[in-house]
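Let me begin by handing over the structure; questions about it come next.
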Amino acid sequence: MKIHEADAKSLLVAQGLPVPAWAVARTPTQAREAAVQFLADPGNATKKVVIKAQVLVGGRGKAGGVRLAATADEAEDVAAQILALKIKGLPVRRVLVGPAADIVKEYYLSVLLDRATKRLMFIGSAEGGVEIEQVAVENPDAIVYEHADPLLGLPDYAARELAFKVGFGKHWKAGAAIAKGLLRTMIANDADLVEINPLAVIREHNADGTPVERLVCLDAKITLDDSALGRHKGLEELRDLDAEDPADVEARRYDLTFIKLDGDIGCMVNGAGLAMTTMDLVKRAGGEPANFLDIGGGAKADRVAAAMRLILEDRNVKAILVNIFGGITRGDEVARGLVEARAQQERDVPMVVRIVGTNAAEAAEILEEAHFVTAASLDEAAAKAVAAAKGVAS
Amino acid sequence: MSILIGRDTRLVVQGITGREGEFHSRAMLEYGTPLVAGMTPGKGGQTALDGRVPVFDTVAEAVRETGANTSCIFVPAAGAPDAVLESVAAGIQTIFCITEGIPALDMISVVEKVRLAGARLIGPNCPGATSPGRAKVGIIPGSIHREGRVGVVSRSGTLTYEAVQAMTDAGLGQSTCVGIGGDPIVGTQHIDILRLFAEDPETDALVLIGEIGGSAEEEAAAWAAEHLPDMPKVAFIAGRTAPEGKRMGHAGAIISGGKGTAASKVAALEAAGFRVAGSPTELPKLLREAGYRG
Amino acid sequence: MKIHEADAKSLLVAQGLPVPAWAVARTPTQAREAAVQFLADPGNATKKVVIKAQVLVGGRGKAGGVRLAATADEAEDVAAQILALKIKGLPVRRVLVGPAADIVKEYYLSVLLDRATKRLMFIGSAEGGVEIEQVAVENPDAIVYEHADPLLGLPDYAARELAFKVGFGKHWKAGAAIAKGLLRTMIANDADLVEINPLAVIREHNADGTPVERLVCLDAKITLDDSALGRHKGLEELRDLDAEDPADVEARRYDLTFIKLDGDIGCMVNGAGLAMTTMDLVKRAGGEPANFLDIGGGAKADRVAAAMRLILEDRNVKAILVNIFGGITRGDEVARGLVEARAQQERDVPMVVRIVGTNAAEAAEILEEAHFVTAASLDEAAAKAVAAAKGVAS
Amino acid sequence: MSILIGRDTRLVVQGITGREGEFHSRAMLEYGTPLVAGMTPGKGGQTALDGRVPVFDTVAEAVRETGANTSCIFVPAAGAPDAVLESVAAGIQTIFCITEGIPALDMISVVEKVRLAGARLIGPNCPGATSPGRAKVGIIPGSIHREGRVGVVSRSGTLTYEAVQAMTDAGLGQSTCVGIGGDPIVGTQHIDILRLFAEDPETDALVLIGEIGGSAEEEAAAWAAEHLPDMPKVAFIAGRTAPEGKRMGHAGAIISGGKGTAASKVAALEAAGFRVAGSPTELPKLLREAGYRG
């Protein structure tokens, strides 16, 4: 699950990490109020504020979603403009307001699951502020890696080694402490990824006006492990329902994995790999899948009915392909669910059903009795569904 | 012979008295798997499956009393990592963890413990393995198999069944089929299974089923190119139409930063001498074209 | 550091372990008030209270320090008697008052440092309520052992294995949870030993009077790692200063290790092994050591002076043996400390000084100038000190 | 030859810029120890000991730049367990931890990591080791030693010096003297050192110094009886007059439940063929009586 920058920063602060103050505004007026406060802060070396769109996609900077303001009026105006944006199709409903940083140097630091070593891996670079993927291509030597110990986490020495390798210079102690804090954040929240970009040395002003440097987390991106949300009170609340399709919410309720796509052939499959394969074969047969939908193992009739509703809510869908390979899942259960779902559905969409494996014979009987179009092989099913979507009789 | 499981397998099922555990244990027993023990804490001394399988409180006891050397875990996600550790501590050498939905971080220390003990973990979130005619461990339907000499390895569940069914329908039997699981942290990866197949005198050809995300297929392909240049090899990769940045069901199946695409995997496999199918049903034909005469 | 039963129980409760209610009383009146409350508790199946002396030595039961009472009057009376006791020389200043348990079965469970395996080890037995050392001699098969994992602690499976091996029967889940709790208690407080004896199945009454069984920690003994006290706020406060000699307090202040013994020859040595050896040689020469005193490595003059004061506070001391093998410790520093200490000391006690190793020559000069009796070998020093204590001119 | 340290030793001192670290590093260097590097985080690039020793930020860097293979730790108790882990991770094979006052629980995971890495840890709370004429690591005064063929192992610090001085005064030189430390959890115990001496062609006799508490001396004695029946062996045990239940300075030195007494240790050593001295000064005489002619 992706969460907003502001929420990610709250999780960092909870682990004692240094993050400059911020406020979240849903209206230009709220943004103005926050700006007034940050502009008046004597520690704010730039005497400006930054206003950042809170959206769950990358590239907001290029889309005009990150801008500075030097006065309260300007802040209100800029916030209004950003709150009117759509970034990659997502409306901006919140902005983050904070002091604009006087950046001395930008770094990159993240921790993520490394599948190959089966460990947590830190990625650091003295080339911060740009996408790490870009650094990886253009200047791979500028990236350093350090694995956490699978049993001990990140011992102090490893945090120091990482800090020295990244090159935090006189800020190495802060860098090491932040690395340890990122790991704590990861573990405390069962995150997949905790990414700080930029992690920056910024200049602030002491009460007497003298400048002081410190290493802070200027931006933060955290994704959470969906499998672990159940054991973390409060994290589910960080889900941005605004940014989600109502279909996603419905899918979660029935324990379905549903991803909406742009095509016109709805797919209902058991198993993620087979679901992807079904999409691939639809495409190969000349069609476009309307969704990825995995009904999971052991799906019963009510889940099948819910899956059908989800598919049909997409008005683009012109045909449906059901592909079930029974293992845990019983074919007859799915067949009954399909019969029931079709009885309730509002609009009539051609459906091609293929059920093999456990209780396939019983399923075939039920489907035949209900006059479903069936197919023996997956390739055949895909071809029939594509033909149906194109209005050709199958 | 076969890999992972075979005639010497003596299986203990952890969580045998649960709904899933009991259902699949029955299927394993009916397939002929040497299922010698079950384990459910607090039910030691009872029996499962109509009195056919003794149940123990601990895996250690099951090992001591029945000589179990392989375990299969149907314990819910909250207890499954601990169940793996219990098997490791009891000296079990081959552990199948079927359980899905285990938080990824929980598995990091567990796979390390498995590694330190020199044991092997398949999964979690995997369908298990079948050595047709000998034993099946996990949830793969036994009926789709046929005895033979093709080794199958896959990250998926039902997609594996699809591929295996296609093989069986074409008369191509399997030595062992292994589903390694779709989670980001799994105990055993494609390359590890290829290493085992390479040493199995009864495996003459390979089917590799992969999907988008990570780079495990690429690594396996490179290894196979070097170590199994002459063995007929075919592959299928799911997710050619998957959009970037979306997690396609499996926690491991996500394309990020332009990495882990189906295209890059297909290219790596083809470069390594694999024939890559456009549909699972094409696998038997490609195997024949690759020179497999089994 | 040893702590009282009541404090140990507080540490267990802090980790969520089941401990029956208790109160600490310093006066018979306080004991009466507590008894009134526990006697009125409908859950109290025995309708009695137990009153237990809080002393930091074993064997309080045999010494009459643990007794029952059935009424408030009796409780007050019994508490008065126990508070008047001295157990192994220690006055009883506090009693613990709690409901007398209706014990169904007693177990033993502890966790401690196992030097041989360098791991934490659980010891359990279904023969609780007696000293485990006695069980070890009489019925060693009744004791079960389980090591914690050095990197993972006590995983659930290991806690269950332990519970099944000990034989908690239908209380195995509670037993496993308590084992995990003991380890948490150990780690949270840097304990050396956490021992529950008895860990008992007791019968209590529900609100409706029906009996109910549960597994609870009836007694608790915890010793803390002195090296770790500094990092646990609050634990130092559990130290029972009443049960300590003022000399112990003074020794701690100067970072000296001091143990008072019954003899008449004071010993001041650097290094624990050498300090024990010095005591042994005093005894071998026919004398009796008055103390163990290790001034530690790198001791300076002020620590030497403090050590001397500690030794002389013991009125039994008739002679002092100073044995220093300089390594980190510089002999001249010690010699100067001795001169200074002698200048300040109230009573004149013969002193034999042996200083070898680092800066021994400078030390010899200082000692000679100050007319100290010296010795070349440790054996000679011991002989001279024994002779001095017996009043023979050395 | 010698054990643990010798001509091939290349030493890095962790905490070389601290007061203790600098003082003893100077003594080690003056003794002729191949002290090739120091390590203090944040002082990388500087030098220590009047420019004679380069200082690095990390042990890994010290190893890479100087080929260090042995470390000596003078880091304060709060950081010492981590310092051991750093040495292990950097591939150091022999680690001396001089630091005292480390909470015992901190060492449990550390000694396990050392074990898993196949490295050796001496200490913590130990004086180190000396191979006279070759190298000394730690805080044992160099002046008390003499080159020779007697191996010395001890739990104590100054008591070791006392014993070694007595040996040297009697003309009995040492191959290596090792102080293993007095804490309850130490990386290396008496028996481990005896195993090393048994394989050292330049060690012809043994001096074992023990003290009350635990059963390490008994275990070492039993091992020596079996594996070194013909080697002259002498011992001294401190704490004959120690009362039960009191911790005699060393956290490890405590008699509890009637176990760990001096009497039981002396009996075990004598049964194993050790001659046990009543005073450290008697050790040379007993060694001669045991047939040592070195």
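Every chain is named by a letter (A, B, C and D) in the order it is written, and numbering of its residues begins at 1.
The rule we apply is simple: a residue touches a chain if its C-beta (ideal position, glycine included) is under 8 Å from a C-beta of that chain, and two chains touch if they have at least 3 such contacts.
All figures in this text were calculated on a predicted structure; none of them were measured in a lab.
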| item | value |
| --- | --- |
| Both-way neighbours, i.e. chains that touch chain B and touch chain A | C |
| Higher-contact pair (C-beta pairs counted), B-C versus C-D | C-D |
| Between chain B and chain C, centroid-to-centroid distance (C-alpha), Å | 55 |
| Approximate Å spacing (C-alpha centroids) for the pair chain B, chain D | 50 |
| Approximate Å spacing (C-alpha centroids) for the pair chain C, chain D | 29 |
| Chain C, residues touching no fewer than two other chains | 151-152 |
| Shared-contact residues (touching 2 or more other chains) in chain B | 109, 113 |
| Category of the chain touch graph - line, ring, star, complete, other | other |
| Chain pairs in mutual contact under the definition given at the outset | A-B, A-C, A-D, B-C, C-D |
| Chain B-facing residues of chain A, complex | 113, 115-116, 118-120, 133, 150-151, 186-187, 190, 192, 225-228, 231, 257, 259, 261, 269-277, 279-284, 289, 292, 294, 297, 325-328, 356-358, 377-379 |
| Residue ranges of chain B touching chain A (in the complex, touch as defined) | 20, 77-78, 100-109, 111-113, 127, 139-141, 143-144, 154-162, 165, 182, 184-185, 209, 211-212, 214-216, 219, 236, 238-243, 246-253, 257-258, 262, 278-281 |
| Contact footprint of chain D on chain A as seen in their complex | 151-152, 155-158, 160-161, 164, 172-173 |
| Touching residues (chain side chain B, partner chain C) in the complex | 41-42, 44, 57-61, 79, 82-83, 85-86, 89, 109, 113 |
| Sites on chain C touched by chain A in the complex | 151-152 |
